[in-house]
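Quick heads-up: structures coming right below.
What follows is subunit A paired twice: with subunit B in the first complex and subunit C in the second.
The block that comes next holds the complex of A and B.
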């Protein structure tokens, strides 16, 4: 008997030897992209949790006050009809972020770029379609069109910044409890909570499935085969999530769940929380009063 | 002792699979029963039926003297009363831990039972202290280690003080230290007097957690008795697929040794209740391959 390890069989046509190591790792493959994406989501969630546990202005406030106060600021951004007020609100969002030790690059990466591109695409037609005198001779961009586009973009960016500040400065369980305290329907809060809870479990499952498949590959697959593997993994994950949903429901029933989730609130509002809420509520009131 | 469960010729089928096939079993109050059997023997299904999460497709099942039927559990009062008395710890803590924090997880059961916020808070704080979970109070359960998750899962069921505790593979996927801690917890005074039914195929923990063992194969009970007697019956354990098979070749022939992963049950006397002197200790059979525990047979080719 030979004591040498036999060579593997030659790969079938189209399944070339990998040029980047025995694990079949290849930049740009569908499996790798999925795996990197899953890793990025998990990493993103972890860093958001770390930010929420830092000491900072918003982190120190009662979550209910934050939900109500930042909600009031979002409302302010949608109510105002003056660009300078919108600009001031945007600057306020940046100031709150810095006071809460949230780097502005984080807001830029997480909010401003994506929202800017999306709402920019929506605002683009306004530049040309809103009637008015052209800003520059020969260019079909009107002044009122530019203002309309700026409002749309500014409102979207400002409102999204406040919303993300809430999420980045509040542990998710506290956001949920705050929503419950503010009388958001309990079923919705429970669904949000479980989605957050199980999304990570499913992410882990998905990452393991992709890793397991990649570990059994001798080399890179053709793109079509890779896509088929990813689609298969998505299907398997869906089945797994359905099973999981059934099991979780049984676990809830076993502990007395009868269709209505009951939760317990543990927050205490301090004077500084009331002060913060008063300041936040004053903004939309002042805007409405000014516009009236 | 009064009967807690009275199961007669129980059948359960789903998707053309027969999980329980004419199973008959009675369990009395205060008994500590180990359900032994290989994977697919119907242990988990039986626990779910005992917790009224599924209902038998044949035979009769009674708990606390009342029938365990879907019609009975359509009555909210009956359902509520039963849930207060019976708790099930699932095999996978990931299934059971669905709340945002450990505190909320433990508070879930009491709140669903209609306890007041004050009562719930007090009991949850007690449970956190009793299970050494204080430092994890505000942590999301999905960030915990496997052992911590199991502790939280157990605490979340015990907090309502059920009379009957059903455990599905409680030591699965635990490292030795966490496994020993859990086994120790199951023998703690907090659980004294409770009826505890544990499904497992880890034989070495049986003497510590049970006074009675029930061996299941293919949805049927094939043996029922004292753990000491059943664990000593190598033929039974081999038939039930509860032995390790060590294979090796010697002189060009393949040999198979069936190995029981448990020490002589009579040799250890840690606080066992009821049937004489079998208990657990740090030296309960973790792979001690003593010749008298080998049951040689099956010489291959």
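The block that comes next holds the complex of A and C.
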């Protein structure tokens, strides 16, 4: 710990983004990475909430219909055995996003790039590894290899786009209520709601802990000390979580909780909701019928 | 290791959901019976913790970094059943809210990381730790090893799930429709990443956390009855310690056998796979024309004319009591397959029961 003394620097190490310049602090150190990761989650949730409050096609539908309908479309993307249907589903996802006032760059940033990099890296060797006649003479790329790589990438991108559309157009409490009315056990719905709530509390807790430690660092730490620091932060977080669970429980009991969870359901299904559900359910049925 | 949508066929997803369902059922019953009103807040907060832990990027030796899943530490601190509940919830929030891991693949992800992982980690930790003291160095090593091995067992499950796809689901011309790699590629590919970075991250975080808890709050690591804290929060933790002890026995898990039975009944799905699994050829296959064709198609090269000398010699020494998973006196192949799965499953259960009885006796001796 000889290398970590309280900062005597006259320039205060401010909270917020790391400027990492004059102090010579290494950019991309473990603590910075942790902070960036924590910040990204909070940012995702904030912007999802903002998108969900816009007035668009999906935002206007009943949450139960959305959960069932988008679920059916995700299933369709995994069911189909034809690339052109997969392509059409992908176009449908883009059209739904635009009709719901979600810019495509948002989908690209959140889904397409991440999924594309991950699935693309996985699909790339399939071009060469899947046996079959070469597509172009002299090239080791086989026709079936290309098709199977396209399936892998296309399915992952399309399904992820539909899944993200649900969260971007529905506030989390509404998703939970929708699950409740779809007969998901009430305790599970309550736990999901509380988990979501405490994720942000613990994220904040963790970020403050890491930030406080970082503010007391003068220079970069050796990797071993960084490792100890991160493990210590996780350990402190674990103890804090268990304490928090006990306190939350006492607070619930103090407010009359006796093991029964009650939620308020207040949804109304309108004709256009039924229409949307019928359209969404027709897709997997048509695919199954076509393949039978 | 979060499997996205589209990698696994809908049929595989259905089977993995069916396999996970009895575990979820038992987990929910056991957690609510033991914890009563505490269950809801504790599982919610621990799920949130499991989620946040995955955001912690750990610097690893060699200049790389990786994040841990935290399944073994959850099982060590809470016991395996609450860990199943907490990690499954964390995975659900990840899948629905953050799009990390697919919705159709949620069952598979839970099976790998939420069920197999915690149980393997918990069993291995207790096996390696033996009767060592709470503050002993051996516990830290046991936790690190258990973390390392359990994430690799989980990765192996994922690799097998990927690897069976091209065998079971392909277009008429043989083009794979889902994950395209056979077992011989998928399993090593999954394991290479987890034997190195991911496994190391899990080992460092699990071992490190046990070392941290030894200093900060050893009661969380003790078996029940030895220590108890009066604070509300950790009271919950020790309460779960009792569950850990109860879980060490085989009582109260009878419902789980429904799940095991379901898996066994589903085992004829393996019959849908055409031909012999890659690498599972017999000496006789080298002589038969069909066997040679299958080997050539699977390996991309013609097999040698005669069976390798070692294989020929070894196959004379050892003949399995149930060759090809079906005893000779059974004429129905499917029935034989189910029977073989049941006997195989029973043997595994017996081995584990023997190991746990042995561990319990050693603990009493100590």
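Everything that follows uses one rule, which is that the second predicted complex is superposed on the first by the 242 of 292 C-alpha atoms of A that agree within 3 Å, B and C clash if a C-alpha of one lies under 4 Å from a C-alpha of the other, contacts with A are read in each partner's own complex, and residues count from 1 in each chain.
Here is the rule we use: a residue touches a chain if its C-beta (ideal position, glycine included) is under 8 Å from a C-beta of that chain, and two chains touch if they have at least 3 such contacts.
Note that the coordinates shown come from a computational prediction; the quantities given were computed from them, not determined experimentally.
In the superposition on chain A, A:269 contacts neither subunit B nor subunit C. Contacts of A:33 after superposition on the shared chain: subunit C is touched, whereas subunit B is not.
Applying the stated contact rule after C-alpha superposition, one finds that A:78 touches subunit C and leaves subunit B untouched. Shared-chain residue A:244: touches subunit B and subunit C both. Once the two complexes are overlaid on the shared chain, A:232 sits against subunit C while remaining clear of subunit B. Touch criterion met: A:254 reaches subunit B, while subunit C stays clear of it. The partner that reaches more residues of subunit A, of the two candidates subunit B and subunit C, is C. In the overlay built on the shared chain, the residue A:172 is in contact with subunit B and with subunit C.
Look at A:201: by the touch rule set out above, it reaches both subunit B and subunit C. When the two complexes are overlaid on their common chain A, residue A:148 makes contact with subunit C while staying clear of subunit B. The intersection of subunit A residues touching subunit B with those touching subunit C, taken from the two complexes, comprises 172, 194, 196-198, 201, 244, 247-248, 250, 252-253, 257-258, 261. Looking at the complex, you find that subunit A touches subunit C at residues 30, 33-34, 37-38, 41, 44-45, 48, 71, 74-75, 77-79, 81, 110-111, 115, 118-119, 123, 125-126, 129-132, 143-145, 147-149, 151-152, 154-156, 158-160, 163-164, 166-167, 172, 175, 185, 187-188, 190-192, 194-199, 201-203, 206, 223, 226-228, 230-239, 241-250, 252-253, 257-259, 261. Within the complex formed with subunit A, the subunit C residues making contact are 4-10, 13, 28, 32, 36-49, 51-53, 55-61, 63, 65, 73, 77, 89-90, 92-93, 95-99, 102-104, 171, 173-181, 185, 204-205, 208-209, 211-213, 216-217, 220, 231-237, 297, 300. Subunit A makes touch with subunit B in their complex at residues 171-173, 176-177, 193-194, 196-198, 200-201, 244, 247-248, 250-258, 261-266. Every residue of subunit B that touches subunit A in the complex is listed here, in rising order: 48, 51, 53, 76, 79-80, 83-84, 87-88, 90, 92, 94-101, 103-104, 107-109, 111-113, 117, 120-121, 138, 140-142, 156-157, 160.
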